[in-house]
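Just so it is clear, A, B, C, D and E label the chains in written order, and each chain counts residues from 1 on its own.
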Amino acid sequence: MQIKEYKPLIVAFCCNWCSYAGADLAGNNRLNYPAEVKIIRVPCSCRVNPMFILRAFQRGADGVIICGCHPGDCHYTSGNYYTRRRMALLFSMLDFLGIERERTRVEWVSAAEGAKFATTMNDFVEKVASLGENKRLEDLRCKR
Amino acid sequence: MQRIGVFVCWCGSNIAATVDVQAVAQALKNEPGVVFSTDYQYMCSQAGQDMIKEAVAEHNLTGIVVCSCSPRMHEATFRKTAAAAGLNPYMVEIANIREQCSWVHKDIPTGTEKAIILGKAAVAKVNLNTPLTPGESPVTKRALVIGGGIAGIQTALDIADAGFPVDIVETKPTIGGKMAQLDKTFPTLDCAACILTPKMVDVAQNDKIRIFSYSEVEEVSGFVGNFDVKIKKRARYVKEDLCTGCGACVEKCPMKKVPNEFNLGMDNRPAIYIPFAQAVPKVATIDPNACNMLKNGKCGLCARVCTAGAIDYTQKDEIIEEKYGAIVVATGFNPISMDKFDEFAYSQSKDVITSLEFERLTNAAGPTAGKLVRPSDGEHPHTIVFVQCVGSRCENCAEKGKEYCSKICCMYTAKHAMLVRDKYPDIETYVFYIDVRTPGKNFDEFYRRAVEEYGVKYVKGMVGKVSPEGKKLKVQASDLLNNKQLNIDADLVVLAAAIEPDKSARPLATMLTASMDTNDFFTEAHPKLRPVESPTAGVFLSGACQGPKDIPETVSQAGAAASKVIGLLAKDKLTGNPCIASSDENMCNGCSSCERVCPYGAITYVDKEFRMPDRTTKVRRVAQVNPAVCQGCGACTVACPSGAMDLRGFASNQIIAEVDAICK
Amino acid sequence: MQKITLESLVEKAVSLLENGTVTSVLGWKKGEFDYDITPAVFESADELKKDFVWNDFCGANFSKYLVSKTCKSEGKILVFLKPCDTYSFNQLLTEHRFDREKVYAVGIPCEGMADINKVKEVVGDGISKIESNGDDLVVTTIYEDAPVKVTCKDVLAERCVNCKSKRHVAYDELLGEEGEVIASERFDEVERLEKMTPEERFAFWQNELSKCIRCNACRDVCPACTCEKCVFDNPNSGVENKAASNSFEEKMFHIIRAFHVAGRCTDCGECSRVCPQNIPLHLLNRKFIKDINEFYGEYQAGAEVGLRAPLVDYTLEDLEPGEVFDRRDNNA
Amino acid sequence: MNNKMQNLRDEIILRSGVNPSKCMACGKCSATCPAYNEMEYHPHQFVSMVKSGDIEPLLASDSLYKCLTCFACVDRCPRGVEPAKLVEAVRLAAIRQQGANHLKPDMVPDMLDDDMPQQAIVSAFRKYTK
Amino acid sequence: MKASYFPGCTLKNKATHLDIYARKCADVLGVTLEEIEEWQCCGGVFTTSKDEVATKLSSVRALKEAKAKNQPLITVCSACHNVIKQTNHAMEDTQFADKVNRYMGEDAYDGSATVYHYLEMLRDLVGFDKIKEKVVNPLTGKKIGAYYGCLLLRPNKVMQMDDPENPQIMEDFIRAIGAEPVVYAYRNECCGGYIAMEDPQSAKKKSNRVTECAQIAGAEMIVTACPLCKYNLVKNGSELPVIYFTELLAEALGVKEVSNE
């Protein structure tokens, strides 16, 4: 039997105006990043409800990353400022509960930063992969 | 249950080279709700779109998933296709298997596996999609222009020209703005008054335009197409409808020692005044801080000499409420204070002046009737030093200057130096510059003429110190090209002060919920593609409130803003983006969290009566989203603890479905 | 041990009822046991004189009850508020959750409430009677003949040991003396947990939260949880209550609940008081409060009506989520 | 720029805390410098020469000892470049070399007069001797 | 009010007047100046280089003592003030402070002492209004040009005494003692400083510019806080008398003794 190489599952929430476009640009420029990263498009990073993040973990995601416009560049002027507060508190809480802090991240990626998107994802996947499977937060029923 | 059709695009080899498109189509066939699945070379082509339309008809589809390039590319295309096939356009979802899959992954198994998961997520989402219809709101066909300088004037004229009524609100007693204070304009050297005052008269005579001078905007509520604005008309103690502008009061007023702000304090005016001869409206205004009658009830001379009976010492500030469909900000600029740059001795010598003061000093209607003399002693200057970039391009901007280039100084300084040399060839003129920036039609030619034909001495370098000594101003400067330190005995030093947005802009931006940059310039909706619109719908930008601009640029931007306003006012109804927030009244607590995070002020509260299960009624405060104002960011949906607030098109259960599909 | 007497409260309530200021009174009533005090509405002097209770177990925070009570009756309701209750009172007003006009709030001093679990640790189970006597509680059990004396101070509830304020931030009338805001050590326990390794923390919470039986008592008593419909009761939310499959379900519930009340929680401690499994739920809320204080400046929910909660606010200079940990590592 | 100069340049930038790339070449430092006429290389040249790594001529120049450290260039620079700190860093690079002290104790007696304040002597030593 | 006092080398030798009158006036104004015990040289000039640690140690010791007593540190000599204040600022950088504190024995110092120049003390701690009240011999009619030089004002980011291009503190001081300030452009330009030692010619040029400029503006006297400024101006032939500000203050407050120069 072949032992399957461990590949983490990463959910990336990307805001439509900057980061999703940044991811598109990474594609346009053929900048590779691991296929484990699956992007969900949201209008703004402030649309990301902590529930979505926990749900992802519950269903077996090994890492969740939220990407939005750089502070000051939000298409909706202030959405990412709320994201910044919410996620700072949420991530701190997850850490408080003993969840590895490397499993969560917020990164500001502009529409022009295709390269940053790719490096960020490479780096994030590598970090999460080194932690191994997400055991502390998953719902065992949902395991493949 | 939806009946979903899945359409997998090859994009030639763009997708097909790394993703086994047939396998994707095959895999998605088994997803819940999917009744049809196929692949094609170019889905966006006419043939591809026809394929979708036929499938909709044939399989009675209710939803469509297109696995193709980024939705930023062709979402609109496929929505149109759906609409043409009789589906609601918002029943389409795109799985991005090109930019975010085939182009970034190398081998076919990986690409195919991911493409299938992305397709599944899109299918999961479409299963929960509901048809969306954009909301509509009416448009009040009247525009408000805030600021009556050349930007505001031009915008108002253009809007009125299209047949829409316009109101101009101007804080000063007259419209005209900075341009009215200028002498000549570059690069053609037309006299500013000659080209501006006819426009001011046009404004006064246009029956579509109302001018609220000596007034300010007090409060703004509402939204695009439906703004409610309160305008405070300050008491000028003169009845505008009666005053004929004859000037008898101005002549007779005994209080003549008030610094004249129109001439930047270089001469005095009476307590009752008309800023300048061509003022519009040509109506006198009493300065309440200077008028003896208003201060202590002693005088009343102006009332006695006024044959029209226009003087009214009891006049009070008046609040005017009006509805507007669009608002144009044209609040303009001011030179920055020179207080923090006293190495140039601005506060130590009257003969160190700013460029705007220089304009007044050379203006035929200015304090010296256009005769260029030293302000300190009225003598003819022999050497004039112009210093550029004072306060512009400063790194330590927080305390002193501005980080940006003020853009207009290079050209007006060339103009000043040239005009001096033209009129007074005996005067030596030096211009100290860091760079001469002259991008603009006929601009560089103009600057070269100043140097080559008029003999203006341009020195690359900066002035380090100006020392008033006796009657002279000792100017110590560097000449970088000759690697020398220069010491010039000047009679007049003119500082090209950086310009900054008018102080009224910041509170106005708050009222309008329009965003600003760190320098207090209004931000445009898009720096290249939407340069005259604010991100706040229905608010437009004209002139230097958006960034430093010269007159030609201001006028063209003013016209552009006007055309945007006309485009808006020409509509009877506005159709919005249907992907907006909406609140479930049965779950809403009325806690105000959503209202506080809404960047657009789209959320209001109403008390609503609810029937309870026990047949009693209960009145509760619930949130309502104004569909015309909401832009669909979703900030409120997370702020809402009860989950009453959701975002159409990106509903919580849709996103959770995507998460589940990806994590499954 | 409470300084203010039962008689004075009843007297106040009766006089306000009789002079027509209020038409009902929200107060405490004995439940199954002496220590099992439940909130009750009284509408007559007789009822008050018969059933109204005030002792060291009157911990219940009435603020939340105002949401439903003010909705129903037309007349005014009298509510007795201990200092910590007034914060919830203000917070609910900030969120427009009840009509201030329909409430007559009487602030009463509080010397701290007893924790029955701590009493039981001393005297054991089978308590049949508890009476206050000066600084002591006199406890009778069915197993012992002689009653046992317990010093109130020794059995003070955790939230009262770490009382944050004896000052009332809202009332129409104040009985007794006004106290002061206290510099409490309430974050010490949070800090202790923060200093553990992630593994230790995970083990701690795994152990605590796996005790959760999802009875929803914490939610039902919480004055910040006044949603018309909780997301956990909403089948469309994706997180509705279901049989728990493993400990993560509980974690998710408690994280989301803490997040929903973050910035709005006044740290009244009711969640931990009512938890039948004695899970220290207040620590989750305090963690958020501590973080908010550290990241965005000191903030006490409910200190004033109309405060802008930290999660619906921002500054341009807020720290980045990634900096949270750098900061903690540097401080450690 | 050879390796040695590159190192020296980096060291000077590190020691002074000045980023010469911020300079926009306005020349205000040289315009305001009271010692300009005594200097072979002027403040703006210090900035541009350090930036380009052309440091050897500066090390050899007497200009190093003409700067009065009056900080006029520091305060008036619109870009916050702080040329005086750069001059100091280059001077240190020169006088920290063996035998390169610019002021030696035995030179001092001839320079003194009765009124010369102690401060002058101490300062000169600080600036010229390591 | 008590304050720590750092006189510095020159005030104990060539500029005794600056020191003596500073102390006398402080007594009159109700400020007790406690001289730093065993103070050492301030360092003479501030070396801006980030790797110079030893040159700053003596200033740090003085700062540390003031901090330990929890009182402000008062300086009079412009050079001392500049060096101590810049050192104090440098100590706010923790990396730099770490290096310095290795020499400081047990208690580390963190840059938290407050340093006042005597003039700032007059303005901020005593108040010019109070000085006005205490003046017994107002110097009415005297036209005095304040000479700041460079050290008091620059670098402004650190010194924060006044607007470096248009300072008012000395002018306000001159008004407080009843005289009339004369503003002239070179009051904040360099006198030539320590270059006077090895290049007196160059120092002369600079000094002369200052005095000329003051003279043209109509000053009858120049007042300064710096012994080196005074030396340079006087040595290079100032036609105007150059006086320490403390001496003028003493005169106005009536505590100046008959000259024994």
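FYI, a contact is a pair of C-beta atoms (placed from the backbone, for glycine too) under 8 Å apart; a residue touches a chain by one contact, two chains touch by 3 or more.
Quick caveat, the model's predicted, so the values are computed rather than measured.
Minimum number of contact steps separating chain A from chain D: 2. Using CA-based centroids throughout, the chain positioned farthest away from chain C is D. Inter-chain centre distance (chain D to chain E, centres taken as mean C-alpha positions): 25 Å. If you average the Cα atoms of chain B and of chain D, the two centres end up 47 Å apart. Chain C and chain D have Cα centroids separated by 67 Å. Each of residues 231, 237-238, 311-313 in chain C touches at least two other chains. Multi-chain contact residues of chain D, defined as those touching 2 or more other chains: 72.
Under the contact definition stated at the top, the residues of chain B that touch 2 or more other chains are 343, 465, 597, 639, 652, 656.
All chain pairs in contact, by the document's touch criterion: A-B, A-C, B-C, B-D, B-E, D-E.
Chain C makes touch with chain B in their complex at residues 71-72, 94-97, 226-231, 234, 236-238, 260-261, 264, 308-309, 311-313.
Taken together, the chain B residues at the contact with chain C in this complex read 586-593, 596-597, 605, 616, 618-621, 639, 641-644, 652-653, 656. Residues 8-10, 13-15, 41, 43-52, 55, 77, 79, 150, 153-157, 164-165, 189-190, 192-199, 202, 206, 227-228, 231, 234-235 of chain E are the ones touching chain D in the complex. Within the complex formed with chain D, the chain B residues making contact are 343, 389, 393-396, 401, 434, 460-465, 476-480, 483, 485. Those residues of chain A lying in contact with chain B across their complex are 9, 11, 16, 20-21, 23-28, 30-33, 35, 38-44, 46-52, 55-56, 59-61, 75-79, 82, 86, 118, 142, 144.
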